[in-house]
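In the two assemblies presented below, chain A is common to both, partnered first by chain B and then by chain C.
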Partner chain A sequence: MKRILLLTILIVSAVGGYAQSFLQNSQVNGSFQIDAQYYNTDEGIGIYDSLINGKRLGVNGFGKLTYTLGDFSAGMRFEAYETPLSGFDSRLEGCGIANYWASYDNGTIGVTVGDIYDQFGNGLVFRTYEEWSLGFDNSLRGMRAVYRPTQGVTLKGVYGKQRYYWASYDADQSRGIVRGIDGDWDINQSISGLNDSKFRASVGASFVSKYQKDNDLFYYMPENVAAYAGRVNLSMGRFAFSTEYAHKINNPSAINNMIYKDGEALLSSLSYAQKGLGIVLQVKRVDNMSFKSDYNAKESDLDINFLPPINFTHTHSLPAMYSYSTQPNGEMAVQFQVNYTIPKKTLLGGKYGTKLAFNYSQVNDIVRDSIIVNGVPSLNQSGTLGYTSPFFGVSDHIFYRDINFEIEKRISKDWRLVVMYINLLYDMATIEGHVGAPEVRANIAFADITYKITARQSIRCELQHLWDNIGKDYVVHEGEEKDFQKRGNWMAALLEYAIAPKWFVSVADKYNYGNPVAEYRDHYYTVSVGFIKDATRIMLTGGRQSEGVVCVGGVCRTVPASSGVSLTVTTSF
Partner chain B sequence: MKKISLFFVFALMFVMTSCDKLDEPFKKEVNIEATGRVVLLEDYTGVRCVNCPAAAEIAHELQETFGESLVVMGVHAGFLSMPLTGYPDFRTEAGTAWYNYFGFQSNPIGTINRIKGDAGYGFNDGEWATKVAEELAKEQVAELDIVCNYNEQTRNLNVEVNTVFLQSQSGKYLVTACLVEDSVVGRQLCPEPVGADSTYVHRHVFRGTINGTWGTEIFDGAVPANEEISTTCSITVDTTYNADNCYVVAFVYEDANKNILQAFQKKIK
Partner chain C sequence: MKKLSTILILAFLALNVMAQEKSDLPNVTIKNLNGESINVSELSNDGNPFVLTFWATWCSPCVKEHNALSEVYDDWVEETGVKIYSVSIDDSRSTPKIKPFVEGKGWPFEILLDVNKDLARSMNVSVPPHTFLFDGDGKIVYQHTGYFEGAEEELYQEILKIVK
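Up next, the complex of A and B:
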């Protein structure tokens, strides 16, 4: 009996000790967010009961937990859209555990099962990611294996099925299976003699294939569609160059009008950086490069790849109204950016120095030449090779152009000023699908002034103005009013008072005073109060939101006009 | 090094087996055998929806391909069906109720026999052909017949819908009868360079239900096979409708999942 008791005590002590050590070495992290909005009818901006359709409250929320113990980690993400906020896809409605995963990685070998987020190179052939503000999630449910056989070499393989709102992952679901491999070689890390070299080089290659059964009634569909890419990154001192080229074989889809032409994309970047000066030149070509795991999918559903935008990202409300959305069927883009800081204690630099930034970006269509089908010239006709396109051909059709210049200046210990001028060309017909809508040629200027009242209190004021090429007197034809909903001149102002580090309150108004349609000359006013404590942020906003487009990384979501009260709560631990 | 070589051998095998490069012709020969089953395609559309004319064209092509085995209704509902000045208002109470019930948010989108797919009841126009073919391949479980009695003076239309289940069924089943007008000329927003087209011909325009948004219950419980169940309803055809182009579309469906078992259409005169 004594022996049994002794044995029991030993086991309990061992398990207890192990459990204690297990718990001490474990780490749990989490983040939570709730976005809720109560919608009011507001006839002034065209929000009627019929439009709200009984859905007065929209709530989007998520909770993410990650557990880590040494080389092992696991996590899950719960999401709820009851009902989704206005502008989010109604197919998101519902709640449940959207993602879960477990991973082991000892530095040489790594294996992940469950929902995978990863990227090969720039993402031209493969990128899975989640963007809460867009309601976008193209994660891959399956497996990933990573192998690092030697210093600087990483080999990777993934396969699985992509998330499609709340659709099941069963075999009978029509969307395809994605498989991919990637290899990356950092030459400096691999060759000891080059470890400390000023010349840095890495190369990589990817191959991704989608399998989707051919159930099409009218077209022979390629069941295995492959895309491959190669990349090079070089740097020497202050110069850096990177490029990636991707190619995709025949992939008829709802996006490309069921043509069988191969697709391709090129992204190159050359930069120079030294203290106080940075210069970047980027170019991009995209031709028929939408790549989805279901050929019937539209918009940004089930994207396997990612086509990075090379445009300036505006954060102020007026220029952000006209954000560019990547055109996967074809675009030729260029961006040139210079950042220069005028040194302190010079005539123009003053006591604190002055930051200058110039950015030029432009996106044109590609050139498409007809092909002969049954003896007749044909352009982009379904069930054909579509068209031919010279690699360096640039169409005269400009989708987007942004020329902007920014000055950031700390005037004194208490005053800081940012001013910016933007010249914008925005082809609304292409980017937003408002066929026949005239292009936007706008000049925008803003000043962002911050005054530090005390060490903890500050006041910030934003003043913006947008001059549109379409004025109040523009004749809008009957039935085309909708295309002019945000056209004409705008002015906007914001006043924000902050008591660091916890409180801020702001009032803002955007006024579309120059709209050619009288009923659209509306004010969009908001009042916001925010509270921050540690990692928790609570923000309450009341007022109107104008119709617009939210874009993150060239992927966009249309936000309809709304009126009401919104609450955002975020926290993490 | 051996391990890296192994990876490349595996990668090469993967690459070689994961590409299907096709040669012309890319189009299949379509041969459809009639099975007696008739499928309903509801094309949720809008007069200000620039992508809708292409979807309507697909629906029309499908009807030409499948003939009497496919019934098409153009249901104008959703934000893009709200007319601005100069555009026709084809919206209906039932169409809007269905659009909202199915959780649709934009046009064009379609239902095929109101079956559920990966993401609910809606299918992109690119999926219609496959889904219609899938539905047509299923076994026919019901027969429908429509008797129309139209009075040209009063424009009163009496409709009798007769349903026969070919196998015994249990559950709650309803029949919905709809009025559809074909070839209505009215402004439609079209892709460039056409833009707003006032001569556009709207096909299969759903004008409303004759017996309520969700139709009439024909039985709840068990029903034996081959027994005819009749339901009647009536409507006064609007004077602005061209009666020569009007027809009745009826369909029988299961209430629990809204899946349509059989559809049928008949001209009113």
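Up next, the complex of A and C:
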């Protein structure tokens, strides 16, 4: 009897211990964000009651929870757009659990079911991701398996159906099924003798296929469309080279004007890096490489792949008005960047050193030659093979060019300075689809000055000026005013006072004083107050937002002009 | 019977020991600048505290924070033994730019590449810069988003709290 009692105590304490360790090992974390804006009428910048149309308040919010127990994890994300903020796609309106998943990964084998985010190589044939600030989410609802047989080798397989706003995942013909496999082999990591070698190499390959039933009235649509890619990364000491080539078989779509030509993309880079000096050259070719799980989809809906824009990303308000996004139907791009630090305690380096950066980006169209269809020359006609394009051919048509130079300098213990000069060419007609709009040739000067008042308090001032090739006297024809909403010279200033790391207040104004259309010569002023504590951030902003494009990581969203008060609350735990 | 109870006691102890070893680092695999796969749950700093800071080349407050941290890093390492892991959340447009960028700026941190934000997602990072401080056992003791001039001082105070 005693023995049984002892046994019972032991079992209970063991189970209790297990339960306790179960609880101790379990982790729950998550994050929340609410972006709300109250919209005002503001006749000064053309926002009338009719435009707001009763929509006084826009709220985007999400809450995300993840549960982890050892190798097991599961999570979900709730989203609510009631109603979506202006500039977000109206199809987002609604709320619900947009994303859920469960996963087991023991290091050798991993399986995920539910909504999947993943990327093969550079994403040229497959990338699913989510960008909350743009309302972008192309996650794949289905399954994913990962197998890592030895160190340095990763094999992956995915299949499923992509998220399309709030559309149901039931069997229907609105969008297809995506499936793909990828292999990655790091030669140095997998062969023990090569671990410390100066020469490093890795290779990888992917294959992706989508299935969508042909229900087109005019054309025979290929129901299975395959795309594949291969990549190589090599490095030798300070030098590195990487390249990836992708090919897609015929895939007529709304984006490529229903042509049956194959698509391809190439992304290559060469770099050199040593302490204080970094140089990188990137080149890219894209030809008819839009790849979506519905051939009728437009813009960035249902993208299966990601064609990275390799140009420099500007975030300061004036140059950011002219952000470039990849033209999936064809472009030839080059990007060259040098970062150099003049060492401290030299004539030019001064006491703290001086950081310099030079950047050159240019994107041109590809060359398209006509083909013979039924005995007559034809260029990019629906239902044909479209055109032929020489692989290394570069058209004279420039989509985008950016030459910029930056100096970063700590002048003294209390003063820091960043100055930048930017020369931009931006083909608005192509990039924004304003047919006939004259191209933008702009020069922009930027300065960011920070003064440290005490150890924690600082004042920061940003000054910007943009000189446009279109002056105040430019004659704008009637009916074309829309194309000139942000043209002409601009100036902008921002003043920010911060008590690190918790509080800040800033005032800013952007003034389009040189617009050729008198009624567009507007001020866009804002006042912001923010509070940050640990992982919680609260920000209140009031004022005017100018019409523009917000881009994050290569995807862009057009933001209409607005006026009002906005509140952002973010927290994570 | 004795054997059984011994096994049970051992199992009980083992489970309790296991419970104490759990760190806050997620089981996510990303790459370093050499292209090697690194499982984040295996990051450590020989029992000393370490910092994991998320940044991007296009994020100017992040660049300012990294410049400020690089100026004080040698002193911090000497005084506290801390190590900084710097996680770039740039996507594939910038992957080949990171190494020349970091070297050109002279930053001394260990760089990790979170190309599709797998790590950022599992650590609930929505906007960079987002900085986490881990103690020697891999437990998060402090985190902060955003950067203003002088904010690195608060991080240093938090590091000192662990060391002392």
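The rule we apply is simple: the second predicted complex is superposed on the first by the 556 of 573 C-alpha atoms of A that agree within 3 Å, B and C clash if a C-alpha of one lies under 4 Å from a C-alpha of the other, contacts with A are read in each partner's own complex, and residues count from 1 in each chain.
Everything that follows uses one rule, which is that a contact is a pair of C-beta atoms (placed from the backbone, for glycine too) under 8 Å apart; a residue touches a chain by one contact, two chains touch by 3 or more.
This one's a predicted model, so the numbers in the text were calculated from it and none came from an experiment.
When the two complexes are overlaid on chain A, chain B and chain C sit side by side with no clash.
Applying the stated contact rule after C-alpha superposition, one finds that A:Thr154 touches chain C and leaves chain B untouched. Looking at the shared chain after the overlay, A:Met236 reaches neither chain B nor chain C.
Of the two partner chains, chain B is the only one touched by A:Arg175; chain C is not. Once chain A of one complex is fitted onto chain A of the other, the partner contacts of A:Tyr164 are limited to chain B, with no touch recorded for chain C. Touch criterion met: A:Ser73 reaches chain C, while chain B stays clear of it.
Applying the stated contact rule after C-alpha superposition, one finds that A:Lys64 touches chain C and leaves chain B untouched.
With both structures placed on the common chain, the touch criterion links A:Gln457 to chain C but leaves chain B unconnected. Touched residues of chain A were counted for both chain B and chain C, and C has more of them. The superposed arrangement places chain B and chain C with a least CA-CA distance of 19 Å. Against chain A, the residues of chain B that register as touching in their complex are 3-4, 7, 11, 14-15, 17-22, 24-28, 30, 48, 50-51, 79, 83-87, 100, 103-105, 117-120, 123-127, 129-130, 132-134, 187, 189-192, 195-196. Residues of chain A that touch chain C in their complex: 3, 6-7, 10-11, 13-14, 17-18, 20-21, 24-25, 27, 29-31, 33, 64, 66, 68, 71, 73, 105, 107, 117-119, 121-123, 127, 129-130, 132, 152, 154, 186, 188-189, 200, 202, 233, 235, 240, 242, 267, 269, 271-280, 282, 306, 308-310, 313-316, 337-341, 352-353, 355, 357, 408, 410, 416, 418, 448, 450, 452, 455-458, 460, 498-501, 504, 530, 532, 534-535, 537, 553-554, 570, 572-573.
Chain C contributes residues 1, 4-5, 8-9, 11-12, 15-16, 18-20, 22, 24, 26-27, 29, 34-37, 39, 57-60, 63-64, 67, 71, 90-93, 95-97, 99-106, 115-118, 121-127, 130, 142-151, 153-154 to its touches with chain A in the complex. On the chain A side of its complex with chain B, the touching residues are 51, 53, 89-91, 93, 147, 149-150, 153, 155, 164-168, 173-175, 179, 181, 183, 207, 209, 211, 215-220, 222-226, 228, 249-250, 252-254, 258, 260, 295-298, 383-385, 429, 433-436, 477-482, 560.
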